[in-house]
Structure formats: C-alpha cells, structure tokens
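What follows is a single structure, and I will ask about it in a moment.
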Amino acid sequence: MNMFTENTARLLITCEDRPGIVQAVSSFLYHQGANITALDQYATEAQGGQYFMRVEFELDHLATRLDTLTSTFGKNVADKYAMEWKLNSVSDVKKVGILVSKVDHALLELLWRHSRGSLPCEITQVISNHETLRDKVERFGIPFHVVPVDKDNKVEAYAKIDEMMQGNDLLVLARYMQILSEDFVEKWPQKIINIHHSFLPAFVGANPYKQAHEKGVKLIGATAHYVTADLDQGPIIEQDVERVSHDYSIEQLRELGEDVERNVLARAVRWHLEDRVIVDGNKTIVFD
Amino acid sequence: MNMFTENTARLLITCEDRPGIVQAVSSFLYHQGANITALDQYATEAQGGQYFMRVEFELDHLATRLDTLTSTFGKNVADKYAMEWKLNSVSDVKKVGILVSKVDHALLELLWRHSRGSLPCEITQVISNHETLRDKVERFGIPFHVVPVDKDNKVEAYAKIDEMMQGNDLLVLARYMQILSEDFVEKWPQKIINIHHSFLPAFVGANPYKQAHEKGVKLIGATAHYVTADLDQGPIIEQDVERVSHDYSIEQLRELGEDVERNVLARAVRWHLEDRVIVDGNKTIVFD
Amino acid sequence: MNMFTENTARLLITCEDRPGIVQAVSSFLYHQGANITALDQYATEAQGGQYFMRVEFELDHLATRLDTLTSTFGKNVADKYAMEWKLNSVSDVKKVGILVSKVDHALLELLWRHSRGSLPCEITQVISNHETLRDKVERFGIPFHVVPVDKDNKVEAYAKIDEMMQGNDLLVLARYMQILSEDFVEKWPQKIINIHHSFLPAFVGANPYKQAHEKGVKLIGATAHYVTADLDQGPIIEQDVERVSHDYSIEQLRELGEDVERNVLARAVRWHLEDRVIVDGNKTIVFD
Amino acid sequence: MNMFTENTARLLITCEDRPGIVQAVSSFLYHQGANITALDQYATEAQGGQYFMRVEFELDHLATRLDTLTSTFGKNVADKYAMEWKLNSVSDVKKVGILVSKVDHALLELLWRHSRGSLPCEITQVISNHETLRDKVERFGIPFHVVPVDKDNKVEAYAKIDEMMQGNDLLVLARYMQILSEDFVEKWPQKIINIHHSFLPAFVGANPYKQAHEKGVKLIGATAHYVTADLDQGPIIEQDVERVSHDYSIEQLRELGEDVERNVLARAVRWHLEDRVIVDGNKTIVFD
C-alpha cells in the first residue's frame, strides 16, 4: 500500500484477455518515464475471458503531462486492445455526496475518517429526508440539506436530488431508508454505493435483523454493494460478519450489526475512491 | 470448560419462565450432596416466555445413585414446573453413527478428533452409499457399511439404514449427498446433524459454491444444523465463514469451504455430545 | 444479554470454592422475591480454588429495598462464605473520567457510543495534557480540562488529576501518552482501564507499531487492561487483532491498529460498566 | 489463484528498486511467447530500497525450453539489474521432508492435505525422534524413520538427519520438539519451516500455552516461520489466533491452539511450495 504524491496516477483497464497486455502497458509507461509502483491483474477463467488490470505509477510533472499521456495511451495502447479504461491523477480528488435518513453510525464513520484524512475525497454535501442529523453533519463543516420524500413526490424529489448532486463522482447511501427510483439509479451507473444490513444474499428486503433473529443465525453481517435497479442485487464490494448467539435480542443484533456496517461501508468507499474496484457484470474485481 | 470425571452429570431443562427455578434446582442438587460446576440459563424475552437451563454437577458415587436421583428430581422438581428435561451421566458415552457419500474431509475430521479423545462419544459405524471411503474409515477401526440409494429403492434403503442405526443417540451427515426421506427424519427428531456448505439461509439447495461464485460474495461459509423435513431449514447449531476474493474459482471456493465445513461440523457435534444444545422451535440455544 | 430496567441489580462474588454457593445465593434471592435473569460462575481448577459468580436479577421496588437487601445479604450469606462481593443497582449509573493526549480515535469512539446510549455511564469530564481535543470533546457537551504534565511537575500534576477525578468510579486512558505515577495508580486499584496498541505481551513499551513493523508480524492487535504499577503488565480485559501484510508501512499499521484499539477499548469499558469483569490476581474473569 | 498446467512457470526476483523492471521482465516474457497469468511486486519504502517480484506465466513446450529460457533471462535481464532470482517449472515438483516428535496434529494435516492434492509437493519421508507416529505415517504410504536425539548424540544425530534429508527442497518441523543445532540450520538456509505454538514474539521458548494461561491472554495463536540460528526469531511467514476466555485450562488452550497450528503451518508450507514467499532480512514478503 503505497503512499501517494501529487505525481501518482492510476490506470484501470478492462479488455479481452490476450497475451502481451502487461508488456504493452509497462513498455508504454516506461518509455514515458513513469515508475510503476503497483500492478494487479486478473483474468476470468473462461475461454475468451475478460482481463482486468490496475496500475499505479509515479510520473514527474504529472499535472502538466496528464492530458498528453491520456491521449497517447488511448491511441498507442488502448485502441489496439479495445480496452475500456480510465486514467486518474491521485491529485484530482473525487467528489462524494452522501444520502442518509435518521441513523448516524454509517454517516459519522465516513465523516470521521474523512476528517482524519483516511478517506481520500471531498465530501460535498449530505442530503437527508429528515432534519435529524443536521447538527452532527454541520459540526464537520459539511453542508446538510433536507429533501423530503413521500409516496406522492418521488419523481420530483429524486429529480431534485439528482440535480443537487451533479458534479459528484460518487453517491454513498449511508443508511438511506428510501428505495431510489429506477430512473435515478440509471443516471448514476456504478456510482452509488449502498450499505445493506445483512450478509447478502441472505435477508434481502426489509428488517434484516428481525429476519436474522427469527432464523436463529449464529453470525450477522453487512454488505456494501453498487446500487442497480434490482433492489439488494447490485455487485457486492465488501462484506463482513460478527458472531452472535441465541441471547441477542433484535435490538442487540442491530447494535452489533451497526458496527459491522460502518466498517464495511468505510472500506468499500475507500477502495472505490482508490480506484481498486472494477465491475464485471453482477460481480466486482477488488484489487485491495 | 470443566474437565469431566465419572461423577459428572448434566441436566438440561426447558420450561415456562417463572421465578424460583434456579433456586429449586440448585437446592435440590445441594441437598443431594452435588456440587454445581457449571450453570447456564436463558429466557426468551416474550411474555410467558420459555426458560432454558443447563447444569453440570459432580456427585459422589454417581453411577449407583443416578436412577434414584433421576426419579426424585422428576417427582420433586420437574413435575412442579412442568419441565421437559434430561439428566445424563457423562460416563454414559453417547453412540454416534455417521452417514457419508464420497468426499472425506468432514468425516476424517470427526474420526481424527474422536481418535485423539476430543469428541466424547463412541462412533459405532459409518454408512455410505458408495464404497469410496471404506479404507479410510476402517483404518480407524470403525465398521464401514454400504447401503446404495437410488431413486427406485429409497424406501427400502432408508428402512435399512434406520434399522442399522438403531441404538445410536445421534446421526451425523458428514456430507451425505442424499436427501433423507421425511419418514426417516421424523424417526430421528433433533438427532440428525447435517453440515451444509453455505452460510444459510443464503444458497439453499444444490451447488452452493457455484451459487456463491455466480453471486460474487466476499465470504463463504458453512452451517451445521439439525435436520428436519424442510430441506436446509432445520435449527442452526453453528456457522462460520472465510474471506475470499474475486480470483477464487469454484474449485478453490470448494477447497477453502471444506476447511470451514469440517471445523463447523466438529464444533456442532461436540456441543451436541456435551449436552450444550437445546432446540427451541426453529432455533437453538447453545450454551458453549 | 438482558434488557435492563430500574429494578435490575447485579451481584458480583469472589470467594473460596465450596459446594452450596449457588444454592445459598439463589435461595436468598428467591426468598426476597427476586427473579434471577442471568447467572454466571467460574471456579479455578486448583485445589482450594477460587470461586467467582455474577448474578443479574429483577426485584420490584429495588430502589427502596436496596439498602436492606445489601445488609441482609451480607449478614445471611456473604459472611458465611467469606465472600468479597458487591451489589449494584443498574440505576446507579457509574461515573467515568477520561484521560487522553492528542490522538482522538479511542476517545471519540467512547463519546459516540456514550451519546447513542450504548455505554451505560455518565462521562463526567475529559482531562488531557494538551489543548488539541478540546473542541471535539465539548461538542458532546462534556467538560474538557487541561493538566499539563512534564518531567518536573509530575507529583503536582497527578495530585491535581486525582483530586479532579474524585467521585468517579472508573478512569479510562484513551491513549494517554504519559506514564502514571505508582502513587496515583495505587489510589485507583482496578479502576483504571488502558488501551495498549499491541497484542500484549508482545511489544511492551514505546512504539509498538514500529516494533511490529520491524518484526514483520502478520497480525497487529490491541489490548485493554487494568493499570497496575507494572507498566503494560496489568490484568488483560480484552484483545483483538487484524491481519496485515508485508506492504503495510508503520503509518498504515497505525491507522488499521487504531480501528482495533477503539473497538477493544469500547468493549472493555462496557464490560466493566456492566459488572462483567472480576480481577483474579494478574488475570481477569470476564462474564460476557 | 490460477490453475496450473505443465506449462506453468514461476519467476521470483529480488533486486535494487529502479524504474523499468516490470517493463524489462514483461517484454522478455512477451518476446519468448509467454503469457503472464499473475504478477505481484513490492518495493520497500526506503531510499535505495529493495524490489521484489513474482511472475507466473504459461509457455508452450515449457519442459524443452526451460533451460534456454533460464540462461537467456539471466544474460539478457537478470544480470543487467543485478537480480537474485529463481525460475521454476510448476512441473518440477518440490521434495519435502518432515521432522516430528510425538504429537500428530500438524503432521496429519500436512499428510491429509497432500493426499487430497492440495499441497503441491512430494513428501519423501518423515523422521522422528520417537516411534510413536510410525503407523499413522506409513498408512499414507510415506516412509517413516526414527533418529533418536539425546543430549550426548546431537552432533551425530543431526549429521545423520542432514544426510538422510539430502535431495529435499524443504524441511518442515511439524512440532519437532528438539532444538536443531546451529550447524544444521546453516546448511538449510530458508529451507526449514517451523510451527511455533504462540503468537510470536509473545511467549518465545518453552511451554507457550502455560505462559499464555498464566498471563491471561484473550487470544491464543500460532506462528509459522523460517528457522534461523536464533531460536523462535526467524522470518515469520504466517500467523493466526483464536479467541479464548478465562475458563480455558492449559490443556484446553493446547487443544484449541493445535487447530490454529495445523492451519497456519499448512498455509505457510503451501505458500512456500507455490513460490509465494521471499525472505527479506528478518521478514518475509508473501504474495498470497
């Protein structure tokens, strides 16, 4: 896990698997004068499989050279291999908007980690459907807005949220207890991360801790995933669990579960911000 | 976790929750001259809830006094509180029969732990629907029998297995890849433990590692549960998980998962043998 | 894990192990009209061993009956068995003072858990040897005081802290980077909990993350323990670890380790507040 | 985690860190017609740091081309960067000798994993200082030899073991309760893996479970490390822990700890066999 400088860049690549990709990418970077500081790759097993690559490199004077580097890479390497790709400078800090309802644990974990410098992003604003958390958010110096949502104003509400969130690179649902409209979700593909309070695919839908209690499971968990139009079915980024026993009430499951949720969400958001996650259909590649 | 002697006994109690039960049981034992070495209790939260208790105690000359102790406890205490209960001497070693198909990991873990003295039981026999594991079982000095099962002989096959297993206190399905008949299951209530190769209730049914691979989960697990007529729905005794990543093939998920399975099954069987598990509807109380 | 009411009390007992203790305690409580809701016991193995017990019970009108209950128990039961014991009403909320230096993670975890009602105590004040964290503490509505400590004023400084902390039931060192004087420690026996940033007894002393980095360990941990005059040697209450690899810098070990620290400390403090911890020489009994 | 074929090779490299290494290695392999299937790298942070690389690749007709490939790589790439390196074909199965005393858990785990194909090596023989485990080893079809060691015959004993083990690539101490002579250890540099029954550096030396019991730790662990002349101080390959509580006797700590030991040792040996471990002074780089 490298330390980053203003000359650090990251390149994410998806393409058809074939020989020579590492060679092509590393030769390109070498001849540009870059030093590769991290390189991860993965290829799916199937014939005609997909290939995924993440490269982190240092290049002197990155800021002034990034545009040329990008266009040259596209022409000389990416086109040849029909790559989907993106090249980011670590200095181009990503913008993150947060949606939340009334419970604070996931939100505060993100705000606190951000305030101590361990979430590399700018948190632009927090939007809630309730006033409850205004004070806790504003203490961190972050704007807080309320957009009420009820069954009659969904279209307008999500249109407004979409408008307010323009310019963000990522939306995080830090326990936002509303189901986003399909329309909204399609506008933010692979750009919304949700924390679900169960070990998916177990206990989809409402009240997972109640479901877990009724089923008598011995572990409870949480799942961070990208949001798609299929509720609770988007690509999983991270999961974790904690051990429980028969004598946990639903309330105690919830309390312990919230500790899992905030850690799982924080890891998933950080990995996304560090360009460690690539979506492959309904799954993710995570180069952590 | 106490060491056991030939004078150790265990009392398991389920009854309606009301004041005075601890006092009644401990006074009874005290006046019999017993020394309580472990005591666990649990009461469900609901009004008119259920009460569960496990007591381990030492009593001199237990063997000769057990019958009288049992009948006196029934008359003087259990009847008064309408208890369901059982009282066992640790010296009355439980008899266990194992059912297995072709894969050996769960079976060998049980046989090895038994051979080193850490599964307190007698393993009477292993029955399989295949010859595959005969040699590995017989090396441990344990009888191995084959009862073939196919779609046409299920009634006879399960009748035969039921007959052969008579006298056992517990049956363990150590990856037995046949679905037991409802009739068979009803003859062995709360006396059959199965290991399922997923974190139930996720991935019920066939090929859980394939399902896990397709879903892209980041943890894989295993679940030991009592077998009921509802496939994969019986009361859960123990579960555990291991972390995996995108680059695990189905085969690699299976290999890692088998390590989880054997540990989860061994713990569940041991807890059952030590009278630590009480079934409460579709859930278990585990006093571990 | 029971829910508590204003009628919940807890009884902690240490005495020489002999038969009849459970019976004596449960009979006493039964005849007072109490209902035992949790009971844990432990006896050391040695001959002439020690016996430890924790009982949680409900008694109507506890507040008005607590004094009589306490004196009667002392006379009728505790004296007979030469018990060390304490009997607390859950309603008598414990008072906690916190000592901290400059880093905020452990402190904020405690303040946040307290603010959401999951640390059952009153946090009376935070004392630091630096101004750094004033704002973060006062936002929670908790008094913050600075008592500078340097090599020349230790006696006065600790005398002042001792005086300011009078009336508290527990002191928590949430990363207080000063070594308390022996004199101070002796005034607060089993009443100071410290979080050490290593898996003790590995890496005692200064800079444990640097030590861990140099040694190349594959897990880093944290330890919450009672403070005694022997630095880093007091009875351990709780420990946990996280997996790391060769590519963690000291700074990254520290960042991950701080997550372990805050969870371990929060659990230890909570268990102490819930009267779940009994000290036995240089070790603890934790009835969690 | 790739599946391996007879055309899979692995290249391990250590050299001074400088730009262009990935490019040089991947270009070489590309022009030889190889397909890189895994690539890991790590550079120490310090100025003038060290660089470590592991590459897995497929090359048609590897067996007949390996010698040429090796000499060409040496001349064209390795010499230029002053690399320490090795290039292995996965088909050249490594030879492993095991040393053991009387307890069987670590040994049986290795033999069982080997027998099901999940330890990629040939186990050539087991040498013990006791007869105890002969039967269990020979059942797996593996030669078992006894070389008694006492305080008077150490020189001869280790000379004999060294002679008998000639031709092996790795020695595994699967709970061998003798301290190897310095002379012996120096003949097998980074070629002896030991399992220590504690979370090193805590509890070095004898009776770690007794030490852990006396200290009252809440986690017990195990450590697999390369053996050096400094007892219990060699480079750590893998560690893990399990949670325990006050009521574990030394014997119960040992029993649970043995489960940790066998898993930790099995992982360390497998990683070594898959060329995933590089020693860097007193630490290891593990590309798992």
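Each chain carries a letter (A, B, C and D) given by its place in the written order, and its residues are counted from 1.
Going forward, a residue touches a chain if its C-beta (ideal position, glycine included) is under 8 Å from a C-beta of that chain, and two chains touch if they have at least 3 such contacts.
Remember, it's a predicted structure, so these values are computed and weren't measured experimentally.
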Intersection of contact partners for subunit B and subunit C: A, D
C-D or A-D, whichever has more C-beta pairs in contact: C-D
Identity of the chain that, by mean CA position, is farthest from subunit B: A
Same-residue or different-residue interface between subunit B and subunit D, half as cut-off: same
Inter-chain centre distance, subunit A versus subunit D - centres from mean C-alpha coordinates, in Å: 37
CA centroid of subunit C to CA centroid of subunit D, Å: 41
Multi-partner residues of subunit C (each touching 2 or more other chains): 3, 45, 247, 249
Contact set on subunit A toward subunit B in their complex: 42, 45, 199-203, 214-219, 221, 235-241, 245-247, 249, 280, 282-286, 288
Touching residues (chain side subunit C, partner subunit B) in the complex: 3, 19-20, 22-23, 26-27, 29-30, 33-41, 43, 45
Subunit C residues touching subunit A - in the complex, by the definition given at the top: 1, 3, 104-105, 108, 112, 116, 118, 139, 247-249, 251-252, 255, 259, 263
